[in-house]
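Chain naming follows the written order as A, B, C and D, and within any one chain the residues start at number 1.
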């Protein structure tokens, strides 16, 4: 793989730990110099041009690898070897954005707490929960327990399990399961034969719903499964609606979305997009 | 044949033509060519929904969906910006609830910009742009909390939504909020239809910002998209015709598209 | 919305307060869990497709079970995973567990696999393995297609996967005979189809929560998916096929009666609406 | 320490706490909302480190001495300039990189995702050799006709630049209306199909509450074979 060889050549690994830290320090200083230089040297137009250029190159790289002719087996072109390492690098860079959201949360709840706004005790609960999960999550990670874990678990792991399996996971599952109630009440209220469209929607929902559960199969089990009328067994009818009425409609939507997303991607890639975020004068 | 690992000549030509048509539409419109867009029902309701909040003197809640910065979310932010301009002009408060840390600063910037644009920068409240949680259902609970504590009059949900959508809209409905929702993916549309007052379906979502802003770049792109869709229909029609006449192994269109392997 | 106080019976059955609907639903579920009335189960075509796809994998290739789920959808995806694992063991196919999203998924699946492995006397590392949670979505898949040991790195227990006996000779995606996606998250399928199934023709089967399944019927129709388990129903059918009736079968029974309740509510609501309209008292919303 | 009993009780209380929101939003549900948000914020940091950065970034940089990995956090740090008005363009620069990547990834997925969807629509609308038994053919051909008609009418609904009046437009308008009806049928089918999934989730929670939690107090519940 010539890409990793190139990396090795450009950035040879540091020979000793001391050299490593020297290299790291130099790299940081160097980067800062470059960034400051960019900021100083580029005018408004230069910056906009640079942003458009970076966007274009990133899109071109991933797109071109697919469309450029390939040879050999498995088929490769001059970009194929780059896809994996570049993808990993982008993943790592993206991971560093995690602080953005956390910062916003800490700011809002910190302010609630500092000013003793109504409901400040909830913000306190927020801080305790965040802090506990952070501390015990990392602690548990660095316990380096053997697998499978021993019978008697050390207490930091115990606390982590209470936080995760006793609170986090059940809160997630319980919130999700609220939907059972909401869907029942939405079905009751929404499915009225007020208009033709509502009636069609109701009829389809009705058939699919009952066709899916054993009681539906049981209701029409008097129709023999090998007779021409077997189509009217509720479970068959439900599957037929999903397969022959639902599938083409879904696909019609999918093609529209595909073209819509292609257009939006193109506008972004070529920096043609106008409107929010893109029009800003900075 | 039958591999889609890399493109073949048919795909290259097709892809380039689709791109060229869209870009041509954009460029033509930017040069001032007038383009027609039909009425999109759910979107005409936005003004009414903002007006209702103003009348009742209660805030608006907006969610740009759960995705990080991507194509869908950028579209949601464009709609947000339009709504904020409407609301700001009527001095109505708007609260934005976010799930992605990366979207947070971008959304804040868009809202601030919109307040500046209508000349009411003093009405912008940074606290109303809130990161709720990156966990899907923690986000849902947090958003329901905001909707009920702030007694919002109108709920706007535009963006990528998943299972949590019904938690938001059913609670919003129970509290009597007027709700307008839009999502490109079809999964949550049935629930929006059941619980919201107006719904924007599928591709209409991508047409939304063009319809609302009448920005030439967007309308031009929309016309280009229509031509592309017509091409897709033509390909399907041709493929169906060929499939009716020939056996699958003789259907060259199938092979060109990487199928029949 | 604030409707006027219902007075007549037809108005009243049109506007049952939501809290009553909630209570009725909870009541039916608890009743059927404690005092079940059972009904028979017959496997559907998509479920049989999953079983057949597992059975058709050549012996020298691996099956990947990617368990992109967590506690939130465990009620459906847990039994699905368990049934797929049983199908693998019963057909003597080697499989590995991995996932790309909620990190918890591989842990929960590992527990299920260990439980089943004991029953069949299967050994970790030889008959099955766990590649663990891999961060990076499409980047992981793109890397995996070219070089599995590199892309995966360490297994669930922190050991390099290359050292596992069942990984002998497993180099890239061409050594994978089937991928079974078990998930409650959208976008996973598009990723696997776009980056693995499409480019390399690797067979794909899937188990979805019932909500997601309709989106993916087109993929079944186009044969991009060999088979599909639809929610707890699919899990119950596969449980019946591998002769391990368990949680999913119990769930489907409760489902029947909960559906009967909702359908009854819809009918009642419509009757109220039609009566009111018949009398000329129907209100257009 | 054995955390199982604490886990059981914490989970039961958390579940019931969330369910109070079914009555209405209240102080208890609010408290659990904040705990939930806090736990996920903490977990987000832990997971980012243990599952991603430690293995993919820290170890290669420190243990393998690949010092060029130091550029990753520097590039990532540019995101944080979004809060600065003066330096905000640097954040846009790095976002541009990610926008470009998103676009490029969509380009490369375009044919692998949509090509099979397109050619799966190539359905014969009449009898042809090799289709199989005579009895099945009629059904198959009929289904194919239904399929193609629904697909085309639904797609016609999503045309935006043609008015639904005039010679061509009036027919498109009719087709679009038909497409809308088919869409409603599809949405109804999806709704019906989802009911089961949602109820499954609630059943799962009730199994936990009745069997695991109440069953630990009253053996009768544990013995009901839930």
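Please note the rule applied: a residue touches a chain if its C-beta (ideal position, glycine included) is under 8 Å from a C-beta of that chain, and two chains touch if they have at least 3 such contacts.
In this text, all values refer to a predicted model and were calculated from it rather than measured experimentally.
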item	value
Chain at the geometric heart of the assembly (C-alpha centres)	D
Most widely separated chain from subunit B, with each centre as the mean of CA atoms	C
Between the pairs C-D and B-D, the one where more C-beta pairs touch	B-D
Distance between chain centroids, defined by C-alpha means - subunit C, subunit D (Å)	13
Between subunit B and subunit A, distance of the C-alpha-averaged centres to the nearest whole Å	17
Chain centre separation in whole Å, for subunit D relative to subunit A (CA means)	9
Per-residue overlap in subunit B, given as positions that touch at least 2 other chains	4-7, 11, 15, 71, 102, 105-106, 109, 133-135, 137-138, 141, 163, 174, 185-187, 190-191, 193-194, 201-203, 207, 222, 225, 229, 232, 258
Overlap residues in subunit A, where contacts from two or more other chains coincide	66-67, 88, 90-91, 95, 97-102, 105, 169-173, 175-176, 178-185, 187, 189, 191, 201-202, 205-206, 209, 212-213, 242, 246-247, 250-251, 253-256, 261-262, 265-266, 268
Subunit D, residues touching no fewer than two other chains	18, 21-22, 30, 32-33, 36-37, 39-41, 43-44, 47, 52, 56, 79, 82, 88, 98-99, 102-103, 105-108, 110-113, 115-121, 148, 151-152, 155, 158, 183, 186-191, 193-196, 198-199, 201-202, 204-205
Subunit D residues within the subunit C interface of the complex	22-23, 47, 51-52, 55-56, 105, 108-109, 111-113, 115-117, 119-120, 186, 189-190, 193-207, 210, 221, 224-226
For the subunit B and subunit C complex, residues of the former touching the latter	2-6, 136-137, 162-163, 173-174, 176, 185-187, 258, 261
Parts of subunit C lying in touch with subunit D, wherever the complex brings them together	19, 22, 25-26, 29-30, 33-34, 36, 72-76, 103, 133, 135-136, 138, 153-154, 190, 193-195, 198-199, 209-211, 213-215, 218-219, 221-224, 230-233, 247, 250-251, 254-255, 258-259, 262
Complex interface listing, subunit A residues touching subunit C	83-84, 87-88, 90-91, 95, 147, 169-170, 172-173, 175-176, 180-181, 184-185, 187-189, 191-194, 202, 206, 209-210, 212-218, 235, 239, 242-243, 246-247, 250-251, 254
Residues of subunit C that touch subunit B when the two form their complex	1-2, 18, 72, 184-186, 198-201, 211-212, 215
